[in-house]
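In the two complexes that follow, subunit A is the common piece, with subunit B as its partner first and subunit C second.
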Partner chain A sequence: MEAGKLSKFLKNGAIWGFIVFELIFFSVAGQFLSLSDKAFMDVDNMLLLLKQSAPIGIIAMGMTIIMINGNIDLSVGAIFALSAVILLDSMTWTIFAGLGDWVIPVSWGLALLTGVVLGAINGLIVWKTGVDAFIVTLGSMLGFRGLVFMYNGENPTSNLNWTLVDFAEAQFLGLHTATWFLAVVTFVIWYVMTRTVHGRNAYAIGDNREAAVNAGIKVGPHMLINFMIIGFLAALSAVVFYSESGSVNPNDGQLYELWVITAVVLGGTKLTGGAGSILSTLGGVLAIQLLRKGLGHIGADTSTVNLVIGLILIAVLFLDRQLNTKGKEELKI
Partner chain B sequence: MASMSKADIGRFLARQGILIAFAVFIIGFTLANERFLSPDNVMGVVRSSAILGVMALGVTFVVISGNLDLSVGSMMSFSTIVVLDLHDKIGPALAIPAMFAMTLCLGAFIGFLVGYLKLNSLIVTLGMLSAIHGLTLTYSGGQNMDIVDKEGTWFAVFGQGSALGIPVPILIFILLAALLGIILAKTPFGRKVYAVGGNGTAATFSGIKRARVVFLCYVMSAFCVAVAGLIQASRSMGSQNTVGQGLELDVLAAVILGGASLLGGSGTIFKTVIGVLILGFIQNGLLLIGLQFYVQYVVTWVIIILAVWLDIAAKRGKLWSNIA
Partner chain C sequence: MTDQTPALRLEGIVKTFPGVRALDGVSLSVMPGEVHALMGENGAGKSTLMKVLGGIHQPDEGQIIVEEVPTVMTSPLQAKSKGIVFIHQELSLAEELSVAENIYLGELPRRSFGRVDWATLYARTDAILEKLKVGFNAKTIVGDLSIANQQMVEIARALTVEAKAVIFDEPTASLTDAEKVVLFDVISDLQSQGVGIIYISHRMEEIFKITDRISVLRDGSYRGTLETRNTNEEEVTQLMIGRALDLSRNASSHELGDVALEVRGLSCGNMFKDVSFEVRRGEVLGFYGLVGAGRTEIAETLFGLRDPNAGTILLDGEEVRISSPADAISKGISLVPEDRKGQGLVLGMNCRDNMTLPQVGDLSSGPFVAPGTETDIFDKYKEKLDIRTPGWKQTVGNLSGGNQQKIVIAKWLSMHPKVLIVDEPTRGIDVGSKSEIHNLIRELAAQGYAVIVVSSEMPEVLHVSDRIVAMFSGRVMRTFTSEEVTEESLIQAISGITATDKVA
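Moving on, here comes the complex of A and B:
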C-alpha cells in the first residue's frame, strides 16, 4: 500500500521534478556553455517562456480531454492554420469595412467558429461512422490543410492590425496576454475535468466504453462535444498567436499535433484513455518549452532539440510502463 | 458456418468496394480527358508513385502486425541524405550498403522498442520521427546534399534508368511488391504476422514469438524505406533534409485505402499497391481535369473516410455506427 502510494506520487510529481531538474541543469550548464551573459532563470526569460508555451499549451488542454476519452486528434495543426487564415483574412472583407476596430471581435468570432465547425465535422464522423478517430483525423488533417491551400494558394495571408498587436503584446500583472489565455484555458478545462459531470464521463468512457454506455452515458454526443472543444482551442491558439504576428503561411501549424501529443504524453496521459490530468499536461507543455529554450541557451541547434525530445518521449513511455507494472505488482500483494 | 460465410461476404464486399471505386475513377477521368489512360501518362503516374509505394509495402507489414509506423518519412530523409553524402566520400558501391546498414539499425531500434519492450508504437514512432529528423540535421549540418559529379557516376540508374523500356523505379516497386507479397501470403512468417496482429495473446499461446515477429516487421519496413531513399537520392542526385517530411501520412493513407485495418490482422500487399495507385491516379486525374493541386488533399480525405467507413459498415452489416 505504502509503495503503491509512492509510485503514484512519483508519477504525478515526476513531470514537475523534471522541470526543476531542467531549470537547475540549464542554469548551471548555461554558466559554462552559454554565449550570452544573461542567466537562464532571468525573470524576462521565464515570462517569455510562458508566453511561448501558450500556442501548444492551449491545444494540449483539448488534446488531454480527447486522449482521456480514448481518442486522438491529428488535425489540430490544420485547424490552427485554417482558423488563422480566416482570422486575418476576414478583417479585410469589405462587408466589415465600416466596423473600424470592432472588426476584431467579429474576426475572432469567425476564427473560433471555424475551429468549432471543423472539430464538429471530425466529431460527427467519429460518432456516426464509427471509424477510428486516428483515421478520421488523419484524413481531415490532409483535408483541412488542403482547404488552407485552396483558400490562398501558397501565398501567406497577412494583415497586421496595430490595435490587435498592442493587445497581444500587452502585459497584465507581468504576464503576457498569451500567458493569460493559457492560464484561463487551463483553469476552465481543469474545472470541467475535475468538477463536472462532463469530466467524469470523459474518464468513464475512456476507461471502459461499454460500461459507460450501460451506465447511460451518451457516448456519441459526448465525443462530439470534445472534438468541438479541441477545435475551439486550436482556433483560440491561432487567435492568440496570429493577433501578434499578423501573417500566416499555409504550412503553419504543421507538426503541431506532434508537439501537442508529446506534451500530453509527457504529462502522463494514457493513449488508451481513462487516465490523465490537466495540470500534468501543463507540466508537459512547460517541460518541452524549457527543453527547447534551454538547449538553445546552451548553444545547441534545432537538430539536437528534435533528437532529445524524441528520445525523451520514448524514455518517458518506458519509465511510465516500468512504474505502472511495479504499482500493479504491489497491489497484488 | 453461417456467420463464417457472412464474414466472408463482408470481406468480399469490402475488397470489391475499393476496386469498384478505382474503376469508377479511371472511367470518369478517362471520359474527362483522353490523355489520362495514355501509356505515357500511366507510366508517369506509376513512376512517381514508386517511392511512396515502396515505403507503403513495408508499412503494410507493420500495420498488419497491429502496430503503426509514423517514422518512415523522416527515416527516408535520413537514408537519402546519408547515401548522397557517402556517395562522394566512399563511392556508390560502398555507400549503398552502408546506408542500408544504418537505416536497418534504425528499424531494428524501433523494432526492439515496440517488439521486445512492448512500448506503444504510435508514441515510439512519433518520437523517432522527431529523433531521426534531428539525427539527419546533425549528420548534414543542416546543409543540402548534392552529388558533385552528376555525370561521372552510375548511381543515377536506380531513379532515372530504365530496362526493357520500363523505368527502374517501377521495376523495383514491382519486384519488391511481388517478393513481399509472397512472403506475406505464402510463408510461415507471413502467417505469423497476421496471427500476431489478429490476436496477439492467442498467437503467443500458440507458440509464436510475438516480439520477434514485430521486430522483423520494423526491420522490413526500414529496408523498404532504404530502397525508397535510394530511388529518391538517385532520381534527384541531391536533396534537402526534409525530403521525406509528411510522407508517413501519405503512406499510411495508401495502406488504409488498401483496406488494412489499423487494429491489425488484415490487409494484403496487393491491396496496398491498389491503394498507392488510387492515390497516384487521383492526384494525376484531378490535375489533368484542370483542378488546383491542393484539391487532391480534400479528395483524399473524403476517399479515405469513405473507404474505411464502407469497409466497417460491410463488416457490421449496418451503415451507421452503434455508438449511442
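Moving on, here comes the complex of A and C:
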C-alpha cells in the first residue's frame, strides 16, 4: 500500500464505518432500551429508513454539486415548499379539470419547472451580480418562503389524489417509490460528477476559480446550471414526498437546508469547494437518518436527537482534521 | 569580527521526516552585524532549517545556540523572546487594523480592566517607525499601505524586541527596485546596530550586493560557506546545483516564419499605452520591465482577461477581438500565468485532469469525458516535456515547482496554440529546473511556435529571447534584437532613460 493510502481510505470510508457502528450500536442498545420487541435491523425498518432518507437525500445530491462548485444554496427548503404547493394546488385548477388522472404528470411537470425556475433565479443572481451565493440564497430563502405564505396564507394546501398515493406507497423489488427516486438521482448525479465534462469543470471551478477561468471554462453558466439542478432536485424531493402526504404546510421544509448541508459535510465535501463525493453524501444522509431513527428506537426524544447529531457533526469534522495531514500543519489557535 | 561570539549558531542539525532526511547535520553561524545569505534550490532544506530555528519542528540531533547559550525553541513567539525574529515572505498582517495594533498584536500595552493603553501604544510605535524612516505613522491602516510598506510593518514588529538575529525569507519577492533600496537601508541599519542577519533569497544580484557570507544547502546537507567578496555567481550556483547554469545568449539559428501576432497601438487604462509589437513563428519575444511597467497586463489583455480601450490585435494578419480567455484559447492564444498555483493550476486535481482542463470539452463524446484519450495526451506530453511524476493520478499540488510549470505548459502545447505567452516562466522554480524550462522555451520556438516571455529576471530574458521589448511605466521604450542588447542599455530602457535620449 502506498504511503497515504490508508489515511485516504479511512477518510473516504469513514462515513460507511460510522454507519456500521451505528447499526451495531443501536441493535445492541435496542436489546436493552427499546420499548418495541422488534429488532432495529428488521428488514421493514431498514426499508422504511431508506424511504425516509429520500427527501433530504435527493436534495443533498444537488447540494453536493453546488458545494463542490464552491457555492451553497440555503433556499432549498423554501423551493421544496413552494414546489409542493404548486404540485398539490395545480391538481385542482379548473383548466386541468378534464384531464382526469393525466393531471398528475402535468402537476409534476409544473412543480419541477417551479424548482428549476427558482434555482435559475438564484444562479442568475449569483452569476450576474457576483454576490456570494450564501448571501443570495439567504435572501431567496426568505423571499421564496414569503411566496409560499402569499399563496395560501397560514393555511395548509391539501389535495389527496389516491392514484398518486398508491404510486407513492408502491414497492418495487421491495424498495419504496421514494427510495427508487433517491437511488436513481444518486446514480445520475454520481455519473454527472465523475464522467461528464460538466462534473469535471465543477471540481475545477470549486478548487481554483481563477485557474478555471484561465483554462477557458465559462464559470457563470456552470454555476447557473448547478443552481438549476439543485432547484430541480428540491422540487423532485417535494414531488416524491407530497405525492404521498397530500398536504403541505407553509412552514414545511424549514431547516431542510441545514439538514442537507449537515449530510453533505458529514460525507466529507469541503465547504470551500473543489472536493467531495456523491457516494459519501449518500453515506452522510443515511448516517443522519440512522441516528434519528436509532435514537428514537432506544427511546430518545427529538431534542436529544438534535443535540446528538450536532455533537457528532463537530466530532466527525474534528476527526477529519486529524486524519487530514493538511489540518496538522495549520496554525494552532 | 572573528574575535566576537556568534549571535546565533546552529550546530549539526539533523531532522528526518518519514522517508526523508530533510536536514543532514547542518551547521551555520551568524556574527553580530553580519548579513549571512542562506541559499539553495527549493527543497534543499532552507525552510526546514528555519522551521527548526523557529521551534515549529524540533531537531532530531544538534542544537541551537544563541550567544553561546544552548536554547530549545518551542515556537516562533518563544524564539522571538530569545531575540530570534522572522520576517516571512508572505505577510501575516491584519489589514483592517492600524500599524500600531499590528506591530503589538498580542502584546498591546494595557491599562486597568484590560483596556488598551492607546497613548503608550502609539508613542512606542512611532519611536520604532522613526528608526525605520518610513512615510506612515502608527495610526495608518495597514490595508492602505503598499506591499513594501506592509513589509516595513513586519520589520517594525521584529524591532519591538531586542533582536539578536533577524531572518529575512525572500523579502524582495514582491518589491519594486525603489522599495528594495529602502529595505536594504533598513538591513544595513540593523547591521550597524550589531544584529546578525540571515538573508534567504534566490536573487544573486541582491546576495552579492548586501551579504558578507553565503552558506549553501543542497539536498538537506551543508555544502559550504563562501566569503561574498571572494566568490562569484558561478561558484555559488555550482555549489547549489552541483554544476554550472548556462545563461548564455541564445538567438535562434533557425529561420523565422510569418508574423503570428501583431499588436498596434494597444492601450488599457492606466496600465499601458500605445503598445505595438509583433512576434513571428519560431521567435521568442521577451518583455522586460520593472514591476508595474505593464508587462503582465499586456499578457492578460491578449488573453482576454482585460478589455483594451484602444488599439488592434492581428492574428495571422487578421484583426481579432478577444473577449474572454475562452475566446483567446479558441483563437489560439494561450497564457501560462505568473502565479502558477493561484491562476494556472487546480492544485487538488490530478496531473492529467489539469493538463487537459481547457480541452476536456473538445475531447469528450457528447457530455461525457473521454479518460482514455486524456491519458494518452498526458503520457505523450509527460514524455515530451520530461515531467517527473509517478503517474497521471498524482495530485498536482504534490509536484515540484518545475514539474508543475511543465504541466501548465503542456496544457497549452497539447492544444497547439498559435501564440504561447509565458509570464514569469521560472518564478519560484529551483535553479536546476530553470534551465530545463528555458531549454523548453527555446525548443518550442525551434518547432515553430510564436512565444512571448514576460519576465522580471534580466538574465532570463537575455537568455531565452530573440528580441526584447523594454517597458517603462506602461510604454514600450525600445525593442532590442539579441545582437544589439546589452545589460546596460536594457536597464536604461526600463528605467525610462533611453526615452529622452531617443527623442533628443
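FYI, the second predicted complex is superposed on the first by the 322 of 333 C-alpha atoms of A that agree within 3 Å, B and C clash if a C-alpha of one lies under 4 Å from a C-alpha of the other, contacts with A are read in each partner's own complex, and residues count from 1 in each chain.
One rule holds in what follows: a residue touches a chain if its C-beta (ideal position, glycine included) is under 8 Å from a C-beta of that chain, and two chains touch if they have at least 3 such contacts.
Note that this is a predicted model, so its numbers are computed, not measured.
Colleague: For A:Leu160, decide between first (touching subunit B), second (touching subunit C), both and neither.
Modeller: neither
Colleague: Look at A:His198 in the shared chain and tell me whether it touches subunit B only, subunit C only, both, or neither; answer first, second, both or neither.
Modeller: Touch status of A:His198: second partner only.
Colleague: Report for A:Leu33: first if it touches subunit B alone, second if subunit C alone, otherwise both or neither.
Modeller: Neither: A:Leu33 stays clear of subunit B and subunit C.
Colleague: Applying the touch criterion given at the start, work out whether A:Glu210 contacts subunit B, subunit C, both or neither, answering first, second, both or neither.
Modeller: It touches subunit C, and subunit B stays clear.
Colleague: Is A:Ala170 touching anything from subunit B or subunit C once the two structures are fitted on A? First, second, both or neither.
Modeller: A:Ala170: touches no partner chain.
Colleague: Looking at subunit A, does subunit B or subunit C touch a larger number of its residues?
Modeller: Residues of subunit A touched, subunit B against subunit C: more for B.
Colleague: Under the stated touch criterion, which partner chain does A:Ala275 make contact with: subunit B (first), subunit C (second), both, or neither?
Modeller: After superposition on chain A, A:Ala275 lies in contact with subunit C alone.
Colleague: Pick one for A:Met41: touches subunit B only (first), subunit C only (second), both, or neither.
Modeller: Once the two structures are laid over each other on A, A:Met41 reaches no partner at all.
Colleague: With the two structures laid over each other on chain A, which partner does A:Lys218 touch: subunit B (first), subunit C (second), both, or neither?
Modeller: Both: A:Lys218 reaches subunit B and subunit C.
Colleague: By the touch definition above, which subunit A residues appear in both interfaces, subunit B in one complex and subunit C in the other?
Modeller: 213, 218
Colleague: Given the complex with subunit A, which residues does subunit B contribute to the contact?
Modeller: 113, 117-120, 122-124, 126-138, 142, 246, 249, 252-253, 256, 262-263, 292-298, 300-302, 304-305, 308-309, 312-313, 316, 320-324
Colleague: Please name which positions on subunit A make contact with subunit B in the complex.
Modeller: Contact set of subunit A toward subunit B: 72, 125, 127-132, 134-136, 138-147, 149-150, 153, 213, 218-220, 223, 254, 258, 261-262, 265, 271, 301-314, 317-318, 321.
Colleague: So in the complex, which bits of subunit A are touching subunit C?
Modeller: Touch residues, subunit A against subunit C: 3, 195-201, 203-204, 207-208, 210-218, 274-275.
Colleague: Across the complex, what residues on subunit C touch subunit A?
Modeller: Of all residues in subunit C, those touching subunit A are 18-19, 303, 305, 324-326, 328-330, 335, 337, 342-349, 353, 357-358, 360-361, 364, 367-369, 411.
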